[in-house]
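Letters A, B, C, D and E name the chains as they come in the text, with residue numbers starting at 1 for each one.
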Amino acid sequence: MSKHRRYRSAEKTLGTSPGTLTYVGADIDHATKIKRIEYNATEYHVDEIVKLSACRLPNEATSFVNWLDVDGIHEQKVVSVIGQQYQLHPLLLEDVMNTEQKPKIDLYDDTVVFVTLKMLHHSRQRQAIEAEHVSLVLGKNYLISFQEERTKDIFETVIERIKASSGKTRRNGADYLLYALMDVIVDHYLLITERIGEKMDELEEQIIREQANQQTLSILYTLKRELAFIRRTIYPLRDMIGVLLREESTLIDRSTLPYLHDLSDHINQIIESLDSYRELISGLMDVYYSIVSNRMNSVMKTLTIVSAIFIPLTFIAGIYGMNFDNMPELRTKTGYFWVLFSMVVIAVGEVIYFKRRGWM
Amino acid sequence: MSKHRRYRSAEKTLGTSPGTLTYVGADIDHATKIKRIEYNATEYHVDEIVKLSACRLPNEATSFVNWLDVDGIHEQKVVSVIGQQYQLHPLLLEDVMNTEQKPKIDLYDDTVVFVTLKMLHHSRQRQAIEAEHVSLVLGKNYLISFQEERTKDIFETVIERIKASSGKTRRNGADYLLYALMDVIVDHYLLITERIGEKMDELEEQIIREQANQQTLSILYTLKRELAFIRRTIYPLRDMIGVLLREESTLIDRSTLPYLHDLSDHINQIIESLDSYRELISGLMDVYYSIVSNRMNSVMKTLTIVSAIFIPLTFIAGIYGMNFDNMPELRTKTGYFWVLFSMVVIAVGEVIYFKRRGWM
Amino acid sequence: MSKHRRYRSAEKTLGTSPGTLTYVGADIDHATKIKRIEYNATEYHVDEIVKLSACRLPNEATSFVNWLDVDGIHEQKVVSVIGQQYQLHPLLLEDVMNTEQKPKIDLYDDTVVFVTLKMLHHSRQRQAIEAEHVSLVLGKNYLISFQEERTKDIFETVIERIKASSGKTRRNGADYLLYALMDVIVDHYLLITERIGEKMDELEEQIIREQANQQTLSILYTLKRELAFIRRTIYPLRDMIGVLLREESTLIDRSTLPYLHDLSDHINQIIESLDSYRELISGLMDVYYSIVSNRMNSVMKTLTIVSAIFIPLTFIAGIYGMNFDNMPELRTKTGYFWVLFSMVVIAVGEVIYFKRRGWM
Amino acid sequence: MSKHRRYRSAEKTLGTSPGTLTYVGADIDHATKIKRIEYNATEYHVDEIVKLSACRLPNEATSFVNWLDVDGIHEQKVVSVIGQQYQLHPLLLEDVMNTEQKPKIDLYDDTVVFVTLKMLHHSRQRQAIEAEHVSLVLGKNYLISFQEERTKDIFETVIERIKASSGKTRRNGADYLLYALMDVIVDHYLLITERIGEKMDELEEQIIREQANQQTLSILYTLKRELAFIRRTIYPLRDMIGVLLREESTLIDRSTLPYLHDLSDHINQIIESLDSYRELISGLMDVYYSIVSNRMNSVMKTLTIVSAIFIPLTFIAGIYGMNFDNMPELRTKTGYFWVLFSMVVIAVGEVIYFKRRGWM
Amino acid sequence: MSKHRRYRSAEKTLGTSPGTLTYVGADIDHATKIKRIEYNATEYHVDEIVKLSACRLPNEATSFVNWLDVDGIHEQKVVSVIGQQYQLHPLLLEDVMNTEQKPKIDLYDDTVVFVTLKMLHHSRQRQAIEAEHVSLVLGKNYLISFQEERTKDIFETVIERIKASSGKTRRNGADYLLYALMDVIVDHYLLITERIGEKMDELEEQIIREQANQQTLSILYTLKRELAFIRRTIYPLRDMIGVLLREESTLIDRSTLPYLHDLSDHINQIIESLDSYRELISGLMDVYYSIVSNRMNSVMKTLTIVSAIFIPLTFIAGIYGMNFDNMPELRTKTGYFWVLFSMVVIAVGEVIYFKRRGWM
């Protein structure tokens, strides 16, 4: 996945002082889009933010949940200004911009919960799974979500839900919003996992019906690689939610815990599916090898049967093709027919022998 | 297992707010059947419930155990009404209806113990193992069991036992009933495990007697897949019962603990059997591959022997089949017989050579 | 092992209320034999017990150790009467009779230590390892040993030792007797393990000297299966003794602990041997496969050499066997000899080529 | 890696009393170079040290951080004098000189933190990864770094950063310097890891496009060996930093902990990459084997098709090459053409048969 | 290793009461040699002990360290007398004599530390690694070392060091002596490990240069077996020293702990080397299999090319060798040459085809 980017990242950061903000992701032309969504059980406002100075730490006593949805992390200035306004630690900002950062959770003294994870898409265009770097910063009454500026805002559905009804999301605090955003991402994991499951079923049918060919193994290999990639992306989430449940941060309300628990449950089910797919792949490989080896066997048997029948017969024909002056059989009237007859007998004998050994 | 259902499930739930009740299982025509069984050591009543409002949280002081046996989880209305009457958490109800839910246990504040697990049947019709989603809700004096509406009520035997005698089940509380229902399910696991054991024995005999064919490996693969599926279904039960034993919920009487311990024991034995079958399968695969490879060897030897004997002889015949004017041997009286004799000598020599090398 | 019994066991117990006493082992004709051995440092009595009512819980204050050696567990009546007389828990009695029960230890409130394990014999007749179900019940001043009624009493040697001298066994309590009986069983494990070691050495020599044949792999497979069976039987003992050492039951005297520790040591050594045999087996399989593959190579080389030498020569002979009117070479006087000479040159050239490539 | 050195090391140390200072690394001609860098937020001094006695334990109350950068560990005298001046434990000095020492951390009574690890270079010249032994001694206000005298000072970039600005390094204490030096080394690990990643991508492309040859497996093997070597070098660092974070030495300021945490994070990401490469290698091997086996199949098919078509035809030709006097077909006018025609029919039939079986 | 001894051991001990002293090692003719070395920082005495009664528990207040170096454990009387004089537990003496005992540590109530481990030699004569059973008993002011009477006293170098100087060993107590003796043994492990490393390098070169033959795999197998044997011997030492460090026995002075820590470090490095060798072996096996498979491929290609070229040509020759009266081509003047020409064309065509497919 994203091979060329990878090498650039090490060169970009080597030698720089630790804690420097550097964007190592794909080059992006668009400007960062920032939305502010403020809501409580009764009201909501959605603004597009144009001036960066408008991003401000909300009043502690406000009844509103203040959600800053930042779509684009490639502009160092944007990230650092937001960092200043919300008083975020420089290492946190570094992780927001570092698209190579693996998923993790950091608690900053009970004033900020920092979660970074990956959104997974299946790109039809490149026929590959793509990861988008997402960071979520939960503070008192506010939540900031950072995402790479790709095709569209992945949290659109949550904004729609906030607009549509005054349901669970609206009635709960910023911690529930954190859960809701993570839930959107985990739902996409499920989708990806099921797409792989479908592919597996196809391959299984292909292999078991012996329609597999040379490419099948390459596909299995690619699938295995994808599974490993997804697993590495999802696996850390299990521990991350474990930390949230265990640490009892004052930022997370007790009523949100069952939902996080439920999320952890879903992640476990996905990981279990991935692991079972992985096992199935190696099982399928065994079947595939066995089929290849059986084909080989079948080819060899054909060769052996044809050779074993005709080589001796050809030898007999060869004998009576010799030009010795004194070969009494050649002069007999029925010699030719006797030879033909004995050839048939030998051939039939061999066929019976091969049938008995189960080769035909 | 149940491939097509799987993909539908993600599409059904994606984008919906978490905690929404959605049934993702197989389509079912029948209406939900609900039975109420009330019993104590001296009396018992079994009613078929028609009006949902008749399901009510029993009086706390009652000496009766109140068991609600719900056969069918596809009607959202039924589940949500029962949920309201018994004051159950929405996430619990979601898990009752989600047939994709993996086995788990949840304790709700010492007022409810929620257990969800799978019943396994071997379907003769589809020649596959089928899982049925079962949920058990244990509260003060009551137990609610939910099962998918399939062919028949799987807890029939327990109802019969309650009717038949005033034995252990009748003398004990709802917690013992929870144990008894789980025990029925675990007994079915044992049956499934033994059926697989029988199949293994057959395959082993087939393979060791070298009667295995191309399909054998596919069967081994399917068996391996089934084993993995069963293991994934049964494995979580071990921890679940561990939780019940450890948490010391007030809903579980101390006298029930030895029985749960015993159940945990049975599960361990089943898991151990499954694991040993799994190992046997890979051992059998090794034997199978070795047999295939030996057959190949045997085919190749035949080819080699036939070729090595007749190709040189044919060459000799070929020499004396040449049409040179001046070939003195052709003119001798005994040339033909000397050639035949030398051919026999060569053939016999090769046969001896191959016998010595152990190829014949 | 004991395949047919296995399937019967599930059918026998399915549907019965848990805790019912059912014997699932092999059918046995003989009646149960019960011996009572009473001893202290100075005296001993050995009685054959005929009337079941004679089995009685000994006086708590007695200086004698009271050992009830029950040889046969197939009579439900015998087991349940002894259970009543000694006030044993029904689940304990169930485990005594259930020959399918895996080894385990149970502590019943510091009044009874219940140990169930397997005696392993190598049956010459059936050429297989057989397991005998043994249960030991340790109480205050008494010990009850249950064993399947097979060929002979496996604890005979301990009875002899008690009769012979007033040694360590006689000077110590029932807890030391428990250790002594377990020690007898563990010593038999060692014997079995060494027998397998001997078999392994034979096979290793056979394989490395390349005298292995088609059956070798089946034998390795059977050995692997036996190893897995023995390991499963012995492995739980490690934890069982760990429990005895850790729990500090008042029934186990401190002076007995070093002996239990020593026993645990022996078990660890046996397990280690089993594990190293297991590893050796897979190593041997690799060597075996390599030898098979080398043989194949050697067969193929022979075929290739014979074909590569004679097929071109036969072709040359074929050319001069053609019947064209105008073939000038045929008319020359020395043509035949030149052809023969060139054939020798080609053959020698090929032999040199194959020698250089290391194929001959 | 460094094979011949290895054997020398055991002979050098066998029999000597433990704790003797012995240099076991590569022979080196240059003298040890020692630099002293003293700095605080406002000033800095860099001196080249010529007289060993000038290395002295700094005043405890100094505001300067005192860094002794020792480039060369092959002179026993240098190491032991520094050891005396800074009052270091003899076992610590032994570890400084022992280039075979694996990475580890030792805390000496909260007065000294001793870290030894490996710098990894990719040597273009020898086409191999080379490890350089680095030791870091952190004390109150001072840090001593020991490195093998190879091509250049690996900590040059840190010295430059100290000279260039009064940034983070300058404002922090010796503990931050320890972090900064370790960070330089970990950044090099990342470079090495990415170089391997690049190599992997090349190989993957080669193998999947079926351009792999006999050497490919040797390269995969070497890569696997290198990966194992790097992993063994990097793995202990994880625990080492864990110790630093856990032990709460007074030498490590609280403000440095997030940086160490971040470093630990980087190491985890590198280890994860290494592990995923390792997995990919075995996946690639499977694909490679499958391709080799497919090629074999294809070779065998060609042989079989050619033989199966022409051997029977040659036999027919052989029959009519026999010299019997009485062979009626030979005398017919159209016999020859009928034979040719039947040969074509047979050949076409076989081609159709092989096409149907998918062999052509 | 030592196969025949193994089987004797079980027969010797089966049925005997536990705790009986039985020597199960190799038969030995020599008498046991006993040396007593007494030393402190200023003096030392070395005596050969002839009368067993001269072995006595030293005075508790003595400033001397009393070391009894027992060379030979095959005389039951010697071991039991020493046991009585030093008041050692019978199970300890049993372990001293049982050469089959695996390495372990036992603490007897803080009055005795008992360590048993294995000395490893590489026997040139038998071309195998041999284990010698060594036991060390540490008490207040004394240490008893037991070793099998083989070729020479393995602790000679330590005695020499005591005689030679008043260095570290002389200035420290019996606990340091325990460390010094274990250090001698661990140094020998390192030697053995490096010898295996050398062998590995040779094999690796052999295999990668494709000079491996049929025996190579047997050698790899033997090496693997040796590695497993060494690993099993060394592995327990890690935990043993862990116990010494953790238990804080009063017999071990705090100043000795860093040395034990260092020893544990060495053992870890050896185990790590062994594990990496093990991995390398399986990597080498893969390379070896691949080379074998490539050779097979190359053999098959040769066969296929020769057959594919000459079989069709022979067929053509066969056609014109037929004896039909009416074969017009035979009568043409240039027919023969046209046939020869077309044969050349076919042959060249096939060569081009095979070159294009990369088979030549």
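Criterion: contacts are C-beta pairs under 8 Å (C-beta built on N, C-alpha and C of every residue); 3 or more make two chains touch, one makes a residue touch a chain.
This one's a predicted model, so the numbers in the text were calculated from it and none came from an experiment.
Under the contact definition stated at the top, the chains bordering both chain A and chain E are D. Fitting chain A to chain D on Cα positions gives a rotation angle of 70°, stated in steps of 5.
Chain geometry summary: the mean Cα position of chain C and that of chain D are 43 Å apart. Centre-to-centre, using mean CA coordinates, chain D is 27 Å away from chain E. Of all residues in chain B, those that touch two or more other chains are 293, 296, 300, 303, 307, 311, 314, 318, 321-323, 327. If you sketch which chains touch which, the chains form one closed loop in which each chain touches exactly two neighbours. Passing around the ring starting with chain B, then chain C, and so on, the chain order reads B, C, E, D, A. By the touch criterion given at the top, residues 157, 161, 167-169, 179-180, 183, 187, 190-191, 194, 197-198, 201, 208, 258-259, 262, 265, 268-269, 272, 276, 279-280, 283-284, 286-287, 290-291, 293-294, 296-297, 300-301, 303-304, 307-308, 311-312, 314-315, 318-319, 321-327, 359 of chain B touch chain C in their complex.
Those residues of chain E that touch chain C in the complex are listed here as 3, 6-7, 10, 13-15, 17-19, 89, 91, 100, 102, 104, 214, 217-218, 221, 224-225, 228-229, 232, 285, 288-289, 292-293, 295-296, 299-300, 302-303, 306-307, 310-311, 313-314, 317-318, 320-323, 327, 329-336, 339-340.
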